[in-house]
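As written, the chains take the letters A, B, C and D, and residue 1 is the first residue of each chain.
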Amino acid sequence: SDMAFGIRELSKKLAQIKILMHVRHIFILAKAHDETLIRHTRETTDWLLTKDPNYRVYVEKTLENNKLFDSSGLLDKNPSYRGRLRFWTNELCAEKPQTFDIVLALGGDGTVLYASWLFQRIVPPVLAFSLGSLGFLTKFDYEQYPITLSRAFAEGITVSLRLRFEATIMRSQNRNNGPRDLVEELIGEESEDHHTHRPDGTHNILNEVVVDRGPNPTMSSIELFGDDEHFTTVQADGVCVSTPTGSTAYNLAAGGSLCHPDNPVILVTAICAHTLSFRPIILPDTIVLRAGVPYDARTSSWASFDGRERVELRPGDYVTISASRFPFPSVLPLDRKSKDWIDSISRTLQWNSRQRQKSFKEWSS
Amino acid sequence: SDMAFGIRELSKKLAQIKILMHVRHIFILAKAHDETLIRHTRETTDWLLTKDPNYRVYVEKTLENNKLFDSSGLLDKNPSYRGRLRFWTNELCAEKPQTFDIVLALGGDGTVLYASWLFQRIVPPVLAFSLGSLGFLTKFDYEQYPITLSRAFAEGITVSLRLRFEATIMRSQNRNNGPRDLVEELIGEESEDHHTHRPDGTHNILNEVVVDRGPNPTMSSIELFGDDEHFTTVQADGVCVSTPTGSTAYNLAAGGSLCHPDNPVILVTAICAHTLSFRPIILPDTIVLRAGVPYDARTSSWASFDGRERVELRPGDYVTISASRFPFPSVLPLDRKSKDWIDSISRTLQWNSRQRQKSFKEWSS
Amino acid sequence: SDMAFGIRELSKKLAQIKILMHVRHIFILAKAHDETLIRHTRETTDWLLTKDPNYRVYVEKTLENNKLFDSSGLLDKNPSYRGRLRFWTNELCAEKPQTFDIVLALGGDGTVLYASWLFQRIVPPVLAFSLGSLGFLTKFDYEQYPITLSRAFAEGITVSLRLRFEATIMRSQNRNNGPRDLVEELIGEESEDHHTHRPDGTHNILNEVVVDRGPNPTMSSIELFGDDEHFTTVQADGVCVSTPTGSTAYNLAAGGSLCHPDNPVILVTAICAHTLSFRPIILPDTIVLRAGVPYDARTSSWASFDGRERVELRPGDYVTISASRFPFPSVLPLDRKSKDWIDSISRTLQWNSRQRQKSFKEWSS
Amino acid sequence: SDMAFGIRELSKKLAQIKILMHVRHIFILAKAHDETLIRHTRETTDWLLTKDPNYRVYVEKTLENNKLFDSSGLLDKNPSYRGRLRFWTNELCAEKPQTFDIVLALGGDGTVLYASWLFQRIVPPVLAFSLGSLGFLTKFDYEQYPITLSRAFAEGITVSLRLRFEATIMRSQNRNNGPRDLVEELIGEESEDHHTHRPDGTHNILNEVVVDRGPNPTMSSIELFGDDEHFTTVQADGVCVSTPTGSTAYNLAAGGSLCHPDNPVILVTAICAHTLSFRPIILPDTIVLRAGVPYDARTSSWASFDGRERVELRPGDYVTISASRFPFPSVLPLDRKSKDWIDSISRTLQWNSRQRQKSFKEWSS
């Protein structure tokens, strides 16, 4: 058991990695239709290209001809920028993610989710600036970007390797042999038959996979499997399967627990369960979960990935969810690494560590 | 990240260990004041002593002169038992736990908690028989004990190494220098001063540590610390700090999540929080938690360990809680190792994996 | 205060009314596409028409030419049925509800909701038979229908007057004068202007009105008003506004309380609130609630009524919800009136009043 | 049903009564050991005695010789005060509550609970001043007391008649005839026997009755009855039976709903239920509840009344709880009567009706 304990310590250490970077290719991510963000993107780009002649800065392709960004103005002002101001496309992110040494995200937590969506496989370290109050994923104040970036590039960064899920939609294949049973097909005798379903798209997600009733006014029945076991049939508006990072998002709204991002776990929470016997469940991230629509369901369910898309799951379809091989490297604040998560929680839950909270119960005042 | 992932796999494998035993010294644990259990203890003892002349069987000292157990009757019937029927005391468990190759617990989950209490440091593998319905920790049907034990001793056993907590009460030491502040003393400038508190007893616990208002009719203020951070001041009836094993006990009653026992986590759940901003929290088991009573509290709080004792914590006192170096080896069912936990959950939450649960909402029947 | 107390007693007595009926026109309601229910409808019709030559029995118009119901077979067999076997349409329910002395519903709780939907204004007393296990609204076992109906028609019935809501959709009217503010328009200085919104349909509902995000993957912002006060802006998947009757349906799934049907209250429960500060609220049924979509919302919300329809609410639209003048008279079991609700609750929550429930916490077994 | 509806309207109007007072005897209530409150009591007393020679002001007997209050100083300064500055005792409150035209409470919500405790039967109207932020029951800012009192005495006041409970402890009487069953004795055949229990003290309470495990580390089994029905055996840390006024106190901590004080209901909420099948329940205030300890319980439970006292309930004892004939008249703010409750809720839950709350979920920022 001392060994087991040692492994646990080791595992924790691996979850946070110190990286000394030889930065050359810098990727800037921001909503390209928000005027303030375009101005900030331009300012940061200018600052970076001036700072070091070896830097190449990539901004979104749609900014190339954007009047506000005014790329030709930038190039005219400083001819040395030519060839070093570059433009990224979704395809470039998908095909050559290793091009980029670091991603600078400007915006809110939603922008960080967008970075996760863009980089479906290898993700460069993501350093996220908030323009307003800090969030769970946006840990740096944009006002301080020159000092933040100077220190990060000089001293190195520490990244937290955030667990992502790999979620694959599995479509039921048409067959003409009578009534079918999803439980039988997935874990029963028919589970040897690999022709019952075919994959239809994989998503790497940072927050959560939700399977819910979508536009239906009625509840969903969702079959839930872990490895080769059938857990239960969830009668609910839906099921939220969340990473530790996503525990403060939809999972919390659905009644799940707050979860430290270093925990190697999967959080399964029913959304408006219509039975009394479902409680949020914390599973090891080594389990492969499957959530599917029974063949005899009256309606489809819908799967969504980091709240971005809703894909219809017809009766017999399911989603597999497992720990991704491609975690999300989130750059941690320089001097407050260890207490970073507690800081985020305190800000969000309005805990005030020195001043007592007002209790709503005053028995004896 | 592939490495990190490999470590996670490894860690999971270590949480369940296959053991081939050379069994000689068998420890039987049962409530010594329950007639049925005394009869079963006698029957099992008889069966074991007959089965193999090398076996020594230890039963509780109080049974030595118990009429129902009738040890002299056993010895008279079979003189070969002499010297092989032995009697254990609490002191023997504390001082020579390595004497015993295996513990057979007869009873309910409470008996397993009692085993954890008896063996505060090294715990022999515990194989727990239930006399009624199976529980979270009592995984074997007593009716089948001959076949269960024969197979276990012949083929070996698999144990799940259950995380225990090491909880130490820290007493504030009297000093004559004005008003004191627990936060300052624990993580502020005064934290270098090692004379503010002294330890007053350590408990290894399997389910949970609860710090609550005890007999006070009013709520408690509890200062909560993780490593060197002050999390928050909890205004509540109490705080439940639970192991994954304890997640189905008091933690669940207080609104916490169900947690797979292999997860290396600590569950912190407020009991009747009197603020709106507390939610159950899942922390890594590498964190050292401290829960204390502020110096300006009007009343004491009480700490209890696996529901067994209540110790008064006066203003300024606190409890440290961290992963114990002495996990609890719980013997898993022979053929259903991987699905053991889901089986327990299904039984308890009355999930029925094949028959749909009756929903309380019927919109369209 | 004694007077106030007397009024409360009186009010309770009025909520349950004993009615001696002079039954002549009997309305039978069942799903017309369920074979078993068509058979039962035919059997009950036959039994009634035979029992008393003064009875007229109304079945759904679609059964007139249904092969299984075989109305011509019935008439051929007993010519006295001619003119006494009649067929109802939705229009007849809407226009002449007072035609019917009683409604017999066969099916589940969903059939009773359908009765409420059919009779939008005056509702005849509804006696609901269950074909399986009894429900919250289906209080009679169909197996016993001859004795149930004989006694009811001879001895009279007791009805529980269930609160219904009157919900009206209010559409924002186009105007060309700059940015608009729903709070201003509803309770601010502009609230005198009666041209900001126009009604677009009223529903009398028995269970709940839900305003939610519908097919949107993102949450909703919903402005909530009570009489002339703005309560709050709910950030959630939706809001469930439930009658006491509906408290065991969607309200319970969303985390609301169980509520005795005689309570004159409105239950407001957020669905997956995305803030920590919303809790279920119990309001007097004399309050007029309004739930609307802010003008600056990015997306529409959807309103549904007893789970039947989803109507889009565009930014600026709202729904008013108030106690209906047309309650729903639900016939109570003959001999167990007073404990009827507790019986329903016990069945549903699987309370067993004599046998102790198995607790999931066993400290000391 | 129109009549039923009219009754409901009437009932609501009765819950708030406008009173024109002929004020002569004014009762001041404040903690007599808080220096600030003693100063304020003195100031208010002085102001009142000066304002009108017909006023008599009663302060707590313990202030008569209190140095800070300095009653002789007051009398010396203004001899007309003689005979008009009077002192109250607990006995006077109990025996002649009708002496007082109005109670002025200075402090927090706890002081109002103390007023309810002092006046166990008839309660004079209570006008409660807060010295800090307003509470649920302290609706007037002390800073404004001269204008508040001048207007109240001249124009009259509106009081909200808050429901109180009458709670009576019933002690099991010794009998020598074998095993006993509480359910049998309360609602079974033995319920005709009036010698099984005798009353042992009655409390009128404003917030809640709690029956819980008190100092026991284990949970309680509590038998719950409504009128002549056995609801269930609650396995929990305890049961909270709350008035609407108390809904924002312990009831909320235990997971109950917020409830408007005009609702004629009883809120029953389990405290850390150890079964999955208990949910908060809203009952009509016409029901008589009984909560008792089963005869075969291993330990006692404890009853507390408005959080003030803990009384041991031994096996076989129970508490009856019903609407009191003596409601608590709470004086409402002059100009904000209708929105008073929503104001309290908004303050407490930190709802900000015009500024949107920060959601913890940001999918798309």
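Criterion: a contact is a pair of C-beta atoms (placed from the backbone, for glycine too) under 8 Å apart; a residue touches a chain by one contact, two chains touch by 3 or more.
In this text, all values refer to a predicted model and were calculated from it rather than measured experimentally.
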item	value
Most distant chain from chain D by Cα centroid	A
Pair exhibiting more inter-chain C-beta contacts, A-D or A-C	A-D
Where chain A and chain D are represented by their mean Cα positions, the distance between them in whole Å	49
Distance between the centres, which are taken as Cα means, of chain C and chain A, whole angstrom	41
Multi-partner residues of chain A (at least 2 other chains)	217-219, 250, 252-253, 274, 276-277, 279, 307, 349-350, 358, 360-361, 363-364
Chain B-touching residues of chain D, taken from the complex the two chains share	214-215, 217-219, 236-237, 250, 252-255, 271-274, 276, 304, 307-310, 349-350
Interfacial residue positions of chain D with respect to chain A in the complex	107-111, 113, 133, 135, 248-250, 252-253, 276-277, 279, 306-307, 348, 358, 360-365
Residues on chain A engaged by chain B in the complex (per definition of touch)	1-5, 7-12, 14-15, 161, 183, 217-219, 221, 226-233, 235, 244, 247, 252, 256-260, 262-265, 267, 274-286, 298, 323, 325-327, 338-339, 342, 345-346, 349-354, 356-361, 363-364
